[in-house]
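Below you'll find the structures, each written out as structure tokens.
The two complexes that follow have chain A in common; it is paired with chain B in the first and with chain C in the second.
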Partner chain A sequence: MLKSLHVEGSTPLHKLSVRIKLAGLFVASLAIFFTKSPLLLGGAAALAALVFASVGMAPRDAASRLAWPLVSIALVALATGIFETPLAGLATFLRFATLILLAAAVTASSETGDVMEEVTVLMRPFERLGLVNAADIGLALGLVLRFVPDIALRYESLRESHAARGLPVRPLRMLAPMIILTLKDADMIAMAIDARGLRRQ
Partner chain B sequence: MSTRDLVLIALFTAVIVVLGIIPPITLAFVPVPITAQSMGVMLAGCIIGAKRGALAYLLLILMVAVGLPVLSGGRGGLAILAGPTAGYIAGWVVGTFVTGLIAERIVREGQAGVHQIAGFLLASMIGGIGVVYLMGTIWLARSTGMDFLAALSANAVFLPGDVLKAGIAALAARAVLVGYPLLPQRT
Partner chain C sequence: MEIRFADCSVRYGDTVALQPLDLTLTERRIGVIGLNGSGKTTFVRAINGLVKPSRGRVTVNGLDTVEDGPAVLSKVGFIFQNPQNQLILPIVADDIALGLKSRGLATSAVAARVEAVLARFDIAHLARRRVHALSGGETQLVAMASVLVTEPDILILDEPTNQLDLKNRKRVIDTLAGLPEAAIVVSHDLSLIESFERVLLFHEGRLIADGAPVDVVRAYEAVALC
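So, the complex of A and B:
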């Protein structure tokens, strides 16, 4: 149900380590705010588009991924153009187009598991401070992935039982029972986790 | 954190993901269908409280960052976090926290139903609308160089829909409070 946005492949970007890709994205996100020149930013956006194209995604898939972010920045750029200057609007569009293309390229070329590993590394300083527990984050993430299909199924059966009784199917009416039924399982799941000693404390 | 809290956080994150999968809610008197997921901030704060609700949203954002399509319409990945609307995403976490904080303080289990619904509505409006708009607008204005007030006024388009969502979330949160109370209570 939750298929990762990773795209299989063996392009140069796929082979690059996730850490370098994330660091590059971070540097790019800082660098694009240093200039206002549409020419430089246009070059950056074109370069980002090339990087994104190098991942080798099917055009339809690429379009569906980029459509929403690009429309949203186009709207924001339009507003900037109206409230400020048209040039500022163009700079805004090119800046965020660069960032979105690079970010989409990193996501498409990296395995979810590898990114998660980098997240764990990033959490390490916080873990030393006692603020988070990386193992807990992994466990929570696993629980979400495990229970999303169950909850979706529960929603479906609530919908069916409403229909079977001739009640109008209103998502609003099913919200509360779906949440109650889901959260009621928490005690049992927590007990199972503790019984198996999955959290070493 | 107790294991039960950890599980409640994960289950609520899963509920938010499912709210993005189910078909959008259509109401008879509103022309635009409402995506159920956009009520998540209000629901999380009012149902599992400030701390757990905010952590549920942090978990959701982590899933977005590692490239899982957990947002409505199958959206996800770093591209979502890189846009000028990233402030709204950060606003989800803080908004959930504020919603929860207010709900924990003013909603009591023994209260009359009307009071509870009114309390949840107030919490949802301040946290789920006020805080989210504020944080979203600050980042929007800073990253685009737009005037803050001009950027803030752009939010007005979404206000009627969001007020309606606060109403729906308040009703749902009250129903959950009656059926299976989880909201911590503070004095």
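So, the complex of A and C:
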């Protein structure tokens, strides 16, 4: 079961600074919108898959974190293919698959604390303009990276309690308790953040 | 340390969670007991301003929990029932450092204080461990370290031995006993508070007993088992 989005390792991607990885992700996310060629986009997706594979994640972990995002973009691509053209659908799928693979590679190879610090630094110019609170944005991103795996754990625990009571495990039936439990936890986490004085008052 | 409740009550909609209360606390070890839903947690959350009084006021060393909210938060550390939820960063040392960094301390000062607090709790070996991989007792100790590294005067612990096995329970109790800071402990674990200087018993949002542990525990048993 997924317990952390970060994967420990000493691969070249792990050693690369978070700033360079985020800059690379930013450039890639712009670049793939400059072409519609399935060949180029396919190449980009293949390259992104190689980058992701270089993190050294166990295949089972990789599948569990990529399956749902890829299914979601497949649905978007299918709709695009039906309402526009099949080629446009394919391009949509390849673009978003590239982004998801690169983003997953960055997340897996970067410590949450480093990502938070880097995002806070990146947001400082906007803070000086009075647009945002840089530290709060860094903290918000850190919270997402830290607690998203907990949602997966909660799903697993609900699935087990259904199974223990002999109830069929239906994802839709678990949606309501999942949302309620997640909101309750979010409330507690927000309170804990205030109690630790981590958020600017 | 002086915590003062002056005609303080807390309501959640139509429900009165804490009946009007006048109270002054100055002891170093204070226990808070009562049945589930008796108002214990509301009471302690009012001390560090997580819960605002609907009427009256609460002051900590003269600071009002509403008007001086951030100052009170820096004086009163709080450890929740599920300490896992208050560990934000995945690496123990990074999480302990987070509270100091958010206060703008220099990197070298942060590192020195993190090292000192890890040594103080005898958990230096956990510094690079992932918070997901900690045992219940270790999580509780790391949560204490992450709060005490910011040097509050008062520590509030909500059910610190809840769900801990015997070994981890003893470790947490021993650590708690050695803390120089004032501590207010909410607990169903009556043996934990038997050596405390003062114990408060809440029932249906009202403070119904206040005194030495042995007397208050007797009153609790009378309420709980009647």
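In this text, the second predicted complex is superposed on the first by the 125 of 201 C-alpha atoms of A that agree within 3 Å, B and C clash if a C-alpha of one lies under 4 Å from a C-alpha of the other, contacts with A are read in each partner's own complex, and residues count from 1 in each chain.
One rule holds in what follows: a contact is a pair of C-beta atoms (placed from the backbone, for glycine too) under 8 Å apart; a residue touches a chain by one contact, two chains touch by 3 or more.
Since the model is a prediction, treat every value here as computed from it, not as a measurement.
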Contact-wise, after the overlay, does A:72 reach chain B, chain C, both or neither (first, second, both, neither)? first
Please indicate which partner A:189 is in contact with in the superposed arrangement: first for chain B, second for chain C, both, or neither. both
For A:54, decide between first (touching chain B), second (touching chain C), both and neither. neither
A:11 in the overlay: touching chain B, chain C, both, or neither? Say first, second, both or neither. neither
Between chain B and chain C, pick out the one touching the greater number of residues of chain A. B
Touch check for A:143: first (chain B), second (chain C), both, or neither? both
Touched partner set for A:135, first chain B, second chain C, both or neither: second
Thinking of the overlay built on chain A, is A:197 touched by chain B (first), by chain C (second), by both, or by neither? second
So in the superposed three-chain picture, is A:80 touching just chain B, just chain C, both, or none of them (first/second/both/neither)? first
Shared contact residues on chain A - chain B and chain C: 3-4, 6, 112, 116, 139, 143, 185, 189, 193-194
Quick check on the complex: what are the chain A residues that touch chain C? 3-4, 6, 111-113, 116, 135, 139, 142-143, 146, 149, 185, 188-189, 191-198, 201
Along chain B, where are the residues that touch chain A in the complex? 1-4, 6-15, 17-18, 21-23, 25, 27, 36, 43, 47-48, 59, 62-63, 65-70, 73-85, 140, 143-147, 150-151, 154, 168, 171-172, 175-176, 179-180, 182
Note: in the complex, chain A contacts chain B through residues 1-6, 25, 29, 33, 64-66, 68-69, 72-73, 76-77, 79-80, 83-84, 88, 92, 96, 99-104, 106-108, 110, 112, 115-116, 119, 136-137, 139-141, 143-144, 147-148, 150-152, 155, 170-172, 175-180, 182-187, 189-190, 193-194, 199
Within their complex, state which residues of chain C touch chain A. 48, 50, 69-70, 73-74, 77-78, 80, 82, 85-86, 88-91, 94, 97-99, 102-103, 130, 132-133, 146-147, 150
